[in-house]
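Letters are used for the chains, namely A, B and C, taken in the order the chains are written, and counting of residues starts over at 1 for each.
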Amino acid sequence: MTPPSPAPRVALFVTCLVDLHRPSVGFAAIKLLEDAGCRVEVPLAQTCCGQPAYNAGDRSTARDLARGLLDAFGGYDYVVVPSGSCGGMLRAHMPHLFDDDPNTRARADALAGRTYELVSFLTDVMGVTTLDATCAATATYHDSCAGLRELGIKAQPRALLASVAGLTLSEMADAEVCCGFGGTFCVKYPDISTRMVADKTKDIAKTGAGLLLAGDMGCLLNMAGRLQREGSTVQVRHVAEVLAGMTGDLPPIGEARR
Amino acid sequence: MSKDTILNAIRRGLKRGPLPEDQALGLRARMAAHPRHLIPARSRIDRPGQIALFLRNIEKEFGTFTRVPDLDAIPEAVADYLTANNLPSDFAMAPHPELAAIPWSNRPLLTQRPGRAQASDLVSLQHGYAAVAETGTLVLPAAAVRPTTLNLLSDTFMVVLRASRVVGAYEEAWDLLRAENRDERSGGFMPRNVMLVTGPSRSADIESTLELGAHGPRRLHVVLVDDDPAAFA
Amino acid sequence: MQIRSPAFKANVSAALADERLQKALEFTRPAFPSRRAAAVADLPEFEQLRDIGRDIKNHTLANLDFYLEIYAANVERAGGIVHWCSTADEARAAVLAICEKAGARTVTKGKSMISEELGINAHLEAHGITPVETDLGEYILQIRNEGPSHIIAPAFHLNRNDWEESFRKVHTDLPADRVFNERRDILTEARTRLREKFLAADVGITGANFLIAETGSSVIVTNEGNGDLTQTLPRVHIALASIEKLVPTLEDATSLLRLLARSATGQDFSVYTTFSTGARRSEDLDGPGEYHVVLIDNGRSGMIGTEFQEMLRCIRCAACMNHCPVYFTVGGHSYGWVYPGPMGSVLTPSLIGVDQAGHLPNASTFCGKCESVCPVKIPLPKLMRHWREHEFERHLSPSAVRTNLAIWAWFAMRPQLYRIATRIGARVLGWLGRKKGRLSSLPLAGGWTAGRDLPTPEGDTFFARYARLQREGKL
């Protein structure tokens, strides 16, 4: 695909968890997008994609939040999200909140069509094939559910990771099996969630990788929290941190700044 | 009446009354035409390919086969199979004219008992109506000449099948039945029972591990009669 | 069947602590997906067939009343009898009446989930008729008085010792010192015992995987052959079938059959796929003299025209549970009723009420694996979400959840206040975990920290840092 010309105007949708928990991922996204030739803006009126409400069955709150997004993200060439889960919410679900309201539905469809998850945007839209980043590690990559099944993200992160100097990828068994995060599921059904993430950490350990990567903060916090509870030394990072070459300055998730 | 209760509840859900006659006409036409859907390419091949596919699938499903040139060769093939597997030489046999026409007297040690199967039968021989290459499936419509119990009660289940009756896909087997069978009772073409049999009986209910011969036969053996010139390429 | 779905959380705790179950789950877990994957890889048209399967079922459901009438007329033309039953009570009564009229004392049964749903066995027993389950898995469950934990592998949670122990307990006429060296020995004993039952039974009851309008046929699909013996040997055959099993033609059924075994066990085709049409013909040498279809609604018609109509496409292949990480963590009994796994999480609330089965559609991460393997493309997560919406509207969801959600939403709708609140939150958490970078316990977050640490935030929010960098002209 030829990259859109010239310099598309891209709005970054930061997402709640990146905002609250791991701002560096937002800055990694900005760097990656700018390096790929985008003009990046961060609309200040954004908050949340509404998924927590939507999945709790609270459609009306989800709609109210979605209306806010339609206003906040109007007028950009693209909206880019460093999360398959929030990206899936915007692309696959949000428009259907307005099935009974054709005017808003049309705006929602337009927004959904312009919205991309970060890594797939870099490869599929901007045509990025190689990156100038270094990370000396053996890593394993977990396919987060929404990114994988709602957005078809599988090859893209692996393609870009292949260009990171010093990095080797060691695939885990069942990389596509859910880690047990599931939004509020992990606190509503902690027993099930804990067992699921413990199954996942077993698969991670078997790879011998020292670094676990994924594209969604929810899954990453879940897996990092479990690995650390088990006393594992596997480091955990959002894939964007590695792709943006930030691993030198930024401690892994759940580890203190040295 | 429950029938009306159910039908009315469905119609309420569908937000309509009984189906309007013009639409019903369309649906009746669909049933009359019984259109085929996609048929997988794997069986859309030439005759020799179809026969080979059928036999491959028989083996894939834990069955065995012998190929014979004509009916005359069947007694020997059956005798050899039974001896090789240490099986008794008497068996229940479908009272089908094609099986009766086999020169069994060539092998006087074999004993056939035409009729349905009894619980005590260890071996049975069925007449194969047709077979589907796609998955190695035998098509066995019940008839006076093809009792269903023969398919089920014995430990070792043998089937005589003519190669010319091997079709590619299930749909072609239905067409054979549609063209060749008339059921007095229903006025349609379906006999009381049609069994599609793919391999010997099996179960994985004990510790998710496959064992053959659960309730039905433990062995399935096909004697394929090469009566189809097109099948030799 | 007794409903234990409201106790889902307690069921889960018990299941997680049940070592035997966990071992069985661990052993079986990889088998189903890899077998299905191999079968699918072997049929390049599989994805197209899924669309076709969905369309056939949708077409039938949109005209279900019409096809049901045609179907019933064709059954009767072939000498069968159709019993229309709106409710479970009516269906139980119809089955009993047929058995009593036949003077039945023993009834053999093929595996049928609708029979579990209706509680046929208990009803027959209460009236002095002995039902005998003949599917191997169902047979041992009947001996042990347990329900199925899976819709196609009902007893996979049991191990060899369980089988032996149960057989020794009930087959008391056999030598007590007999040895079971291998699985084969267990199988042989069951086969011999059940063969006697098949021959003695007066009535055989099976389920139905499909009903075919064009021909008035019912179709059963098995690997053991028990269903065929059940319906061939006794004088009377009763097929239990819910109304959504219907398809118009043989060709329609055939397309769905191409999906069924591959999705279920990873076989290309099951061993026995049997089409039954009416009773024994006068010239036949075997087969039942009477053929009855008990056609059951029991809540299905109420799903038509609702957002749950799509669930009626289900062909009970079990692919959704075979690929479900939640199912393989908690096992089938945790779901507390007949239908476990993702399909049960949608269907059970429809059939017994969401007030009873409310946990089921909530106990999902929405990972979407089930939908991706469903042969008739039922959007299971979406339907589970619809149940959550019903619960939310009816105020059935826990009040703490509602309150938290409301507070969060109030802030999320006010970006400036939201910034302040998140900034405080991030700072506090960051400060609490500043030494290790994570917390191993935190008030109100016990659900998280019981099994995991909580990684702490970097310390400032993205927006705070972004604003600072902008002020400093660094962006």
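Please note the rule applied: a contact is a pair of C-beta atoms (placed from the backbone, for glycine too) under 8 Å apart; a residue touches a chain by one contact, two chains touch by 3 or more.
All values reported here derive from a predicted model rather than from experimental measurement.
J.: Where the centre means the average of the CA atoms, what chain is farthest from chain A?
T.: Chain B.
J.: Taking each chain's centre as the average of its Cα atoms, which chain lies closest to the overall Cα centroid?
T.: Taking the mean of C-alpha atoms per chain, the most central one is C.
J.: Report, in whole Å, the distance between the mean C-alpha point of chain A and the mean C-alpha point of chain C.
T.: Chain centroid spacing, chain A to chain C, equals 33 Å.
J.: Any idea how many Å lie between the Cα centroids of chain B and chain C?
T.: That pair's centroid distance is 30 Å.
J.: Could you grab the centroid distance between chain A and chain B? Build each centroid from C-alpha atoms only and quote it in angstrom.
T.: Distance between chain centres, rounded to whole Å: 53 Å.
J.: Can you list every residue of chain C that touches 2 or more other chains, as numbers and ranges?
T.: none
J.: If you look only at chain C, which of its residues touch chain B in the complex?
T.: Within the complex, chain C touches chain B at residues 24, 27-28, 31, 43-45, 48-49, 52, 56, 62-70, 72, 74, 77-79, 84-86, 90, 134-137, 140, 153-156, 158-160, 163, 183-184, 186-187, 191, 194-195, 198-199, 213-217, 223-226, 228-229, 232-233, 243, 248-252, 254-255, 257-258, 265, 267-281, 283-287, 291, 295, 297, 301-306, 309.
J.: Under the stated contact criterion, what part of chain C meets chain A in this complex?
T.: Going by the criterion above, the answer is residues 9, 12-13, 16, 325-326, 329-330, 362-369, 371-372, 385, 387-393, 397, 401, 405, 408-409, 411-413, 415, 418, 422, 425-426, 433-438, 440, 445-458, 460-466.
J.: What part of chain B is in contact with chain C in the complex they form?
T.: 1-3, 5-7, 9-15, 18-19, 23-24, 27, 30-31, 34-38, 40-42, 57, 60-61, 95, 115-116, 119, 134-135, 137, 142-144, 147-149, 151-153, 170-171, 174, 183-209, 211, 213-217
J.: Using the touch rule from the top, collect the residues of chain A that touch chain C in their complex.
T.: Within the complex, chain A contacts chain C at residues 14, 16, 18-24, 26-27, 42, 44-48, 50, 52-59, 61, 64-65, 68, 145-146, 149-150, 176-178, 180-199, 221-222, 224-226, 228-229, 236, 251, 253-257.
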